[in-house]
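Alright, structures below, take your time with them.
Two complexes are shown next, each including chain A; its partner changes from chain B in the first to chain C in the second.
Let's turn to the complex of A and B:
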């Protein structure tokens, strides 16, 4: 038994997609309520997108709320304002808005490196926040976008209601599994290898003949698209898009989740999201200063276990 | 007793002895009310006051046997003044705690997020802080009740009182977000309708209370009164800057609402002679027997007098219990219908009623003026009650204006 447990992280690392499918199929039954499980999935996906850019490409964005928010508003506006009735089209619009937003912002921000890059991403996100804040007719302003109808999901030959929390969980689960498989495919491709080469030494990647600006931009767009899908799903989950979705605190949250779980590791973002959200949910029932507790845990990890929870588990137990 | 009756009674009795849980589960499970509110964040002091009101209501109800013979249990949750957290907490209350009803929310945007969850889950929701939209289409629903005042009622009441008593020429300073903008729009329309003049208005970003660039311009316009929509932590910096520019000597200052705890914290030196409205203050105990009972019970329990929002929390819980008793049911639809059919209530300060079309509560409000430091009575006697605006549906938008045909 102990031997099996010892080998578990290695097995999970070797079979990431299968592990993900199995674990998250039972996950909603392990947490106190199903909406919490869905929130973990969605924020895990958001962090997964962030991790592609930060953990694998080495680019620190402080403005990932922008793409999460674009996804949320894109889907929310499609349903609440444009009165579309297809969830698929609405999700597609949110996803597309984040992708286009990522391409535009990435195009400008990638002209600078390091802290200047990070500050530019933050500035763009804050610009979007203020636009959403003031464009109240379209976005609901600081009251948030309300009245997003959750239509049944149309699949070939069948129409599924997503009103039950468990039904919505498995809808999100299906999409997140696809996203995780897509990420695996990206990372296993030669393109994925170049991303990591850029992270390790961008000058050497240039010397090897790679057009790193184009590759970084692609990574930025992929990353924004994952974040956008997360935002789109969250708009459907809450049927409301708060303007804070675009605020810098949302960007900070995804950085914390990723670092807590383990940046540059495949499952780190989900482990980080689960740890952060489940702790926040339970701790806040008992103590008012729960952010302090999470803050201390976060600092302890950054100082003593910088690989994060999953990074530490896999690095220590790998044969 | 016939043999058959005896057997039936004995069997039922034995069942209850052997399976007491059956009895408990069927009739003695508490009625659960979820209550999200911002226990942390900018409005934490007001939230704590509201929580105390709700807690007092729960204890008073339970001391009398609860509702329908079942105890009332109120589950408070910190929504951190964030809509996404408010939504998540409401989901947790409904899915995990299986609450029967939801009361709470403090700030329009969080109420909206809570309301979306209660609408989807078909749970009765009594919203307890200011918002114009929450009781209007498309946001409201047959299960959404709104206990608090709203910007329209507050600013129309202040405009009516102000035009009669304070002056005809006004300048508005307002925080540039939903509540501030609504107050500005309503107040401008009301003053103009009453024959007054708005000389100008100054929006500023909420949470950035720096007015020195604007104050000379306001001073040069020579308004009779300045209407300051400077909520929360912006209130004191605005007043301090107005004092230092000598503006308070040249013009009167009025604001939509007064809060006891904020006024005490800022001090009578700063707030002296500032006018504002409220739906409740503890000074009402001097004139209203219901308020006297409430203030005494609250003060006895919490060793401090209640501020205004405790009343909203108190009423929210009391009205759920009244609705349950009237409907003899904990089904949200039945309770909502019962409240609409029996619209009048009076729990702590006089008669209130639900308007049938929009489930909006109508209630008296009072105009307060802050006493000078020398006149403050004891630790908490900061307000002079100088006027009363009697509850009136015409102070709010009409049912048609709110989208009800």
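Let's turn to the complex of A and C:
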């Protein structure tokens, strides 16, 4: 039994998609309440997008709230303001908004490297926050975008209501499985190999003849799109888009989740999202200032466990 | 333009100078720490916030604004020493992202920590009685306290310049930011210099917080709000350049202040537009050298 447990991380690493499908099929029955499971899926997806950029390409973004928020507002505005009735079209609009936003902001931010990049992503995300804050006609401003209707999901031949938490969970589950499979495909492609080459040594990637600016921009756009899908799903889950979804605290959350779980590891983002959300859920029962505890834990991880939970579990240890 | 609005406009220019001064005090520390240690201190704004809170308490204890003006930055600067010695020093030699992430966690913890110690509701600090009035500049009245802030900022900048340009320690700091390995090879202990520079930078952030408190109020999120403006200043001015920090700080201060006057809804957004334009025209910033720590 102990032997089996010890081999589990290695097996999971070898069969990532199958492990993901199996684990998250039973996950909602393992947590105190189902909406927490949905949150883990959605924030895991958000962190997955962040991880593609930071963990695999080596670009630290402090402004991923922008794409999460664009996804959420895109979908929310489509349903609540444009009166669209198709969930698919609304999700597509949120996804598209994040993709376009990622391309635009990425173009500017990638003009600088290293720590400037981090500062720029943060600055542009704050700009979007202020724009959403002031454009109250469209976004609801400070009150958030309210009254997003949750229409039934139309599939060929059937129409499914998503009102039950478990129904919504499995709807999100299906989309997140697709996203995880897409990420696997990206990472296994030659393009994915170049991303990791850029992370390890960008000068050498240039010397090998790669147009690294174009590749970085593409990674940025993919990353933003995953984050946007997460935001779009969260808008449906909450049926409201709080303006804080664009605030720097949202960017902070995704950085913390990814680092806790393990940046540059396949499952790190989901492990981190689950750890963060369960910790926040439990801590907030006892301590009013629970982010203080999270901040200290996060610092300890940066100092002592830079590979995160999943990265530490799966790294080769001496027998 | 009528006389009244011209007066208001002039007042706004002065207000921009005050805001710019605060930004310069912060951005110079940020830039100095970065230039020497290639550490981007995300918690810089949180030390500014802490300066304002510490000032509130020191003022309560000593009842003297002048004592507070000296003591509070010293308290905050000492905390800066501790942070460098026990946290940041562990990360030298790792990716420059790591100190950024660490200080980011520190900043989160500090925001919640001050709420725990001083309460969730913001505080107000009054300017000292001698400086509370407005002075008649001939064409308008302007609060003396704001002129005082401009004067203190200028004095600190002159003192810093003398320190860096005319003293031996200043020489070592300048040499260390040029070529740390060479300075080490000459047998100088750079660890102590880094400690000192980090403490000075944090102390200046604390001073900025002490000065800003009576004008802008004291609240936990004030630091994170201003750090983003500081990042813009540093990108526009060029990281590691002290002249760049001064020019860009004053420029951003004026731009924010004047936009608040003409189009208040755009005030928070215009700084980012300026930043985007600078990035397109001069990616390394107004005074920056291309390729520094990239």
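Remarks
In this section, the second predicted complex is superposed on the first by the 315 of 319 C-alpha atoms of A that agree within 3 Å, B and C clash if a C-alpha of one lies under 4 Å from a C-alpha of the other, contacts with A are read in each partner's own complex, and residues count from 1 in each chain.
Note that contacts are C-beta pairs under 8 Å (C-beta built on N, C-alpha and C of every residue); 3 or more make two chains touch, one makes a residue touch a chain.
Model, not experiment: these values are computed from the prediction.
Of the two partner chains placed around the shared chain by superposition, chain B is the only one that A:238 touches, whereas chain C remains out of contact. In the superposed model, A:206 makes contact with neither chain B nor chain C.
Of the two partner chains placed around the shared chain by superposition, neither chain B nor chain C is touched by A:103.
Touch criterion met: A:146 reaches chain B, while chain C stays clear of it.
Of the two partner chains placed by the overlay, only chain B lies in contact with A:163; chain C stays clear of it. In the superposition on chain A, A:34 makes contact with chain B only, not with chain C. Shared contact residues of chain A with chain B and chain C: 133, 289.
Across the interface of their complex, chain A is touched by residues 34, 38, 40, 87, 90-91, 94, 96-98, 100-102, 104-113, 115-116, 224, 228, 231-232, 234-235, 239, 265, 268-269, 272, 275-276, 279-280, 283, 293-294 of chain C.
Residue ranges of chain A in contact with chain C, taken from their complex: 60, 62, 108, 111-116, 118-120, 122-124, 126-127, 130-131, 133-134, 248, 252, 255-256, 259, 289-292, 294-296, 298-299, 302-303, 306. Chain B contributes residues 39-40, 77-78, 82-84, 87-88, 91-92, 95-96, 108-109, 112-113, 115-117, 120, 131, 133, 138-139, 177-178 to its touches with chain A in the complex. Of all the residues in chain A, the ones that touch chain B in their complex are 32-36, 39, 133, 136, 140-144, 146-148, 150, 163, 165, 238-240, 242-245, 281, 284-285, 288-289.
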